[in-house]
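Below, chain A partners chain B and then partners chain C, in two separate complexes.
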Partner chain A sequence: MSTIRIRSPAAYWLAVPAALWMLCAVVVPALLILWVSFWGGRQFSAASPLVLDNYTRFFGNQTYMNLIVQTLIHTATLMAICGVLGYCIAYFLVVKVRNAKLRTALFLAFIIPFWTSALIRAIAWVPFLGTNGVINNALMGLGLIDRPVEVFLYSRTGISMAQVSLYTLMASGPVVYMLAQIPPALREAAMTLKAPPGVVFWRIIFPLTLPGVVIGQVLVFLNVMADFATVATIGGNKIALLANLILNFYEGAQIRAAAVVSVILMACMLIGVVAAMRVVDIRKLGA
Partner chain B sequence: MRSRLTGWALGTLTVGFLLYQWMPIATLSLLSFSGPTGGTTFPMNGVSLHWYRELWDASIMNDFKPPLWRSFVLALACSAVTTVLAVTAAQAMRGKFRGHNAFFYLLLLGIMAPGLLVGFGVALMARMLGVEPSWNGTAFLVHVSWTLPFGFMAMLAIFNRFDARIEEAALTLGATRWVAFQRITFPIVLPGIIGAALFGFSLSYDEFARSMFTTGADQTLPLAVLAQMDRQLTPELYAIGTATTVTSFFAILACIGSLALIRRSMRRG
Partner chain C sequence: MPEAPVLAQLDLELRNLRKRFGSFVAVDGVSLQIAKGQFVCLLGPSGCGKTTTLRCIAGLEEPDDGDILIGGREVTRDAPWQRDIAMMFQDFALFPHMSVAKQVGFGLEMLKRPKAEVARRVAEVLKAFEITPFADRKPASLSGGQKQRVALARAMITEPRLLLLDEPIGALDYSLRETVMIELKALQRRTGISFIWVTHDQNEAFSLGDHVVVMNHAKIEQQGSPEDILQRPRTPFVAGFVQGNNVFRGTIAGMVRDQALVRTALGEFEVPLLGAVPTLGSAASFSVRAERLRPTPEAAWHNRMTLTCQTVEYFGSVRRYILARPDGEVIKLDQFGAEPAYLRVGEEAVLGWRTEDGMLHEGAPA
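Presenting the complex of A and B:
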């Protein structure tokens, strides 16, 4: 017994406002994008004939095809870096740090920047990366280079550096959650049975944290694929990925092309999420 | 012995990453206090509040005060709507109504969907309906679709930890469901609700991807920052960034405080 009866009409009606809001703000707009991507003609009109021209034009352009490949490669790189780094940090925080206060302090230091503006954090990387930036000055001060190197600002290296600092927490958080659920007795049992540390990790700990790893990878994947702000801030106008293309098309009043890119982006994300769901059942996480 | 070695290696990596993560924020704050002739990188050419003053008496071209006000009001409205809808939605989930699984995924979709695309879709919808995009219209609609799912998840977690036997006791003693909710459930989860409200506020306040196409001519603060970034990077942006980050820190502190409060009140209950 609780303040709400199971399967009562009240429960149903309480859900209606939130459901309606999400339908109007997310589901209907997504369907509209799909619809507009098939519009022919030039007017912005619901009476536009439905054609495939927008897609054939997009897929016929080699530059755009390259952009899709580059975006996927860039995202995969970030997933790998953030995944390994995030797992190491999660493992250290949960398993290696014994002092509860120290663990809380480190965890807060890890998580607090995540709650501040991602835009500001991306901008904060700019003074680091320029030819006159902190990194170049430090490298020159150490005598490692004698001329400023230009690989950082307006480059994919610089974008990746900033994105690693932005998204590692997303790869790490779910792993922390899964690691914290593993009873210590499990490891002790394995050790008692003379399993070497490597075997304990790869055969027991890692498989148990796999759902967390996958969720983390999905989060990094979704965020990097959709991140246009870091790319625009650090890449200047020199680098563009798929999400920036939507922005460019929209600002150039090419609504149909923007819709096509959006649909492709959504399709990529959907495939990614479905593939991840095949590996693990996300619903089990909450249980 | 080997396990100790891995411990040290992982520890070094973790501390290294934390430094890597905090250094840009620290540098940004430091540079925001550079002298009037200071640029966007070192040397600072003195220490001053010049860039903060510049921010305060700005020209009309790059005046950040109106965007700041808009962002603040928008975040406040989002936080209010989020809180109410998140509590009703989470309470509804406890009732396990038909289709509550689909409902859960519908809200999850709001977190997963990329902001730029959601904003794009709503801009299309507004255009079809003949509505002009505005910060307090379309942007509000989109922002809540972002803050609500987080508030909902937070409330679900809070209700999960909630000891339902207390409610049962109230009902057994003859309270109606509504009275029991008002007098028993609500006060116990209140710190959690405050936490969710603050979280919703900061999510909306920092949001820019969803605002991109839905805000119209009167920009919110993150959009004004992006626009200024497009024109020219100045230490003024660092000053704004520092001010925003400090505001976020206070919101986080309040959030952590209210969570600590709820943990304590639940232990007592």
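Presenting the complex of A and C:
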């Protein structure tokens, strides 16, 4: 068996198919969108002059500005909820569940729902959240509420509930991986050095899982920022975030405005990922 | 935490310690007393319960039964961080995200010592263990020997009453082990901290330990000074486990004054009773050390047998002859390496030993 050394010609040749694919499927379309976002004039063609008008119009509108802020706040909320919940689930599965069979069963119960598409899972939330939905009926049956809670469906709360269920696994998975890598002896060594369990967690376990936490946060961030389907399904026509705006403009044949929002969304995501990379060098993981 | 009255000046006392994992009994009635500042080695084959015993002392396992006293204070139900111990792990268990200085100071930080004091002590300890140049490095960039020093420095800095070491040099290169052993022995003498060293390597145990505890099947087989265990193995297991013993099994064929006559497949041999009173005809075993055997025994020696030399191993200081026994086992004969060789391979020889060199074992042999 031969090994392929890093930076050898063979390594570069092997990267060619993937690189070509990424170029055609990601880089070129993204550049096209960027190009379209600068198109000006009355005609909609490749001959359009390149201007900044589309951007000035967008940034001049206070409603759109608010929408960006709303989207970022919504995303940050979901990152916090999914992050804490995901960490707890990961910790429970890896550290607390000692029985190997039970752990596998729980892992599967956790993962199998993700074999269906995100859209289906989002739609599946509708019958749960409605005024005559499962949650309201359950709460009424238990006598906890007198009349149905209306904020579940077609509201930010409902969207958040659905998205937490959709994206917690993404926050959890990388933490599961990092937690499983920590030798039990590290925890024991800290305990024999007089560290009580809380200190062991914050000084040893948490720092060692930090890369997993950051990767999970990046995944939740990217998915929530880009998720228009859940927002449209659960939020109805009442709620829109940045990603829905792209769809609205597109459906209204305002391709240039759609391109502008797309570029802004991509810029937000890039900034987020670069910030995360400054905290943790993802490339060093698994080394 | 109110200090319990000091009952005795023992660093450690185990009273009838028991621990089982499911149906597997890991530690079965282990009792041990360790006086102040002792170097104690727990020796035994893997799975004999030595590591579980150590983990019970550390508080990492909770015993099902029995008491643990550290410095005279009952700690059986105390958590590890409440005990006056430190531990060194087999693969060192260094914290990968902390610099050497940070993790050496971790123990003092946990004791809530002032920052300035921690910094001063860390500097001292790093210097003492000759790891000052690596203060800012992370463990991943250290060699095995350096990691071992860091782990030791980290454990020693709080000056615990007991230092527990779980195969502490097992992960080191063979060439490094001897140096580290000498250093650790000197360190233990200097600090007066009791070391409890778990190993399966009898060279380590006998060269380091003031007190060696031989364990097998969750029980203590024999404990005592290295010389005691090497020269006077009390059970067939200890005699077989310790290198250089020839074990003979048979039945008691007679007793004359203070000697037993043991009938074996190789003949009848005289073994001193040393106070033992076995039943006539009962199963018995005894051992004779390889260096106590002599070719061409003196006429007065009763114990003798004729065997063929199979192999000769030369270790420099010792020449070891392996002689075939009619029952398929072998007899080992050691000779001082500088002397001219007693035997050649294939040569037949009469071997004998003085009656007082045989050690009768306790209990019926398996």
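The rule we apply is simple: the second predicted complex is superposed on the first by the 271 of 287 C-alpha atoms of A that agree within 3 Å, B and C clash if a C-alpha of one lies under 4 Å from a C-alpha of the other, contacts with A are read in each partner's own complex, and residues count from 1 in each chain.
Keep this in mind: a residue touches a chain if its C-beta (ideal position, glycine included) is under 8 Å from a C-beta of that chain, and two chains touch if they have at least 3 such contacts.
Everything quoted here is computed from the prediction, not taken from an experiment.
*Asks:* Considering only touches as defined above, state whether A:42 meets chain B (first), chain C (second), both or neither.
*Replies:* In the superposition, A:42 touches no partner, neither chain B nor chain C.
*Asks:* If you count the residues of chain A that each partner touches, which comes out higher, chain B or chain C?
*Replies:* B
*Asks:* With the two structures laid over each other on chain A, which partner does A:207 touch: chain B (first), chain C (second), both, or neither?
*Replies:* Second partner only.
*Asks:* Return first, second, both or neither, reflecting whether A:199 touches chain B, chain C, both chains, or no partner chain.
*Replies:* In the superposed model, A:199 contacts chain C only, not chain B.
*Asks:* If you stack the two complexes on chain A, which partner ends up touching A:4: first (chain B), second (chain C), both, or neither?
*Replies:* The first partner, chain B, only.
*Asks:* Tell me which partner A:147 touches in the superposition: chain B (first), chain C (second), both or neither.
*Replies:* The answer is neither, since A:147 touches no partner chain.
*Asks:* So, does A:101 touch the first partner chain B, the second partner chain C, both, or neither?
*Replies:* Touch partners of A:101: none, neither chain B nor chain C.
*Asks:* For A:188 in the superposed arrangement: first (chain B), second (chain C), both or neither?
*Replies:* A:188 contacts chain C only, not chain B.
*Asks:* Residue by residue on chain A, keep only those touching chain B in one complex and chain C in the other, then list them.
*Replies:* Dual-contact residues (chain A): none.
*Asks:* Along chain B, where are the residues that touch chain A in the complex?
*Replies:* 2-3, 6-7, 10-11, 13-14, 17-18, 20-25, 27-28, 31, 40-42, 85-86, 88-89, 91-98, 100, 103, 106-107, 109-110, 112-118, 120-122, 124-125, 127-128, 141-142, 144-145, 148-149, 152, 164, 167-168, 171-172, 177-178, 180-181, 184-185, 202, 205-206, 208-209, 212-213, 222, 225-226, 229, 233, 237-238, 240-241, 244-245, 248-249, 251-252, 255
*Asks:* Would you pull the chain A residues touching chain B in the complex into a rising list?
*Replies:* 1-8, 10-15, 17-19, 21-30, 32-33, 36, 44, 46, 85, 88-89, 91-93, 96, 106, 109-110, 112-113, 115-121, 123-128, 130, 132-134, 137, 162, 164-165, 168, 197, 222, 225-226, 228-229, 232-233, 243, 246-247, 250, 255, 258-259, 262, 265-266, 269, 273
*Asks:* For the complex, give me every residue of chain A touching chain C.
*Replies:* 183, 185-186, 188-196, 199, 203-204, 207-208
*Asks:* Within their complex, state which residues of chain C touch chain A.
*Replies:* 58-60, 79-81, 83, 85-87, 89-91, 93-97, 106-107, 110-111, 154-155, 158, 164
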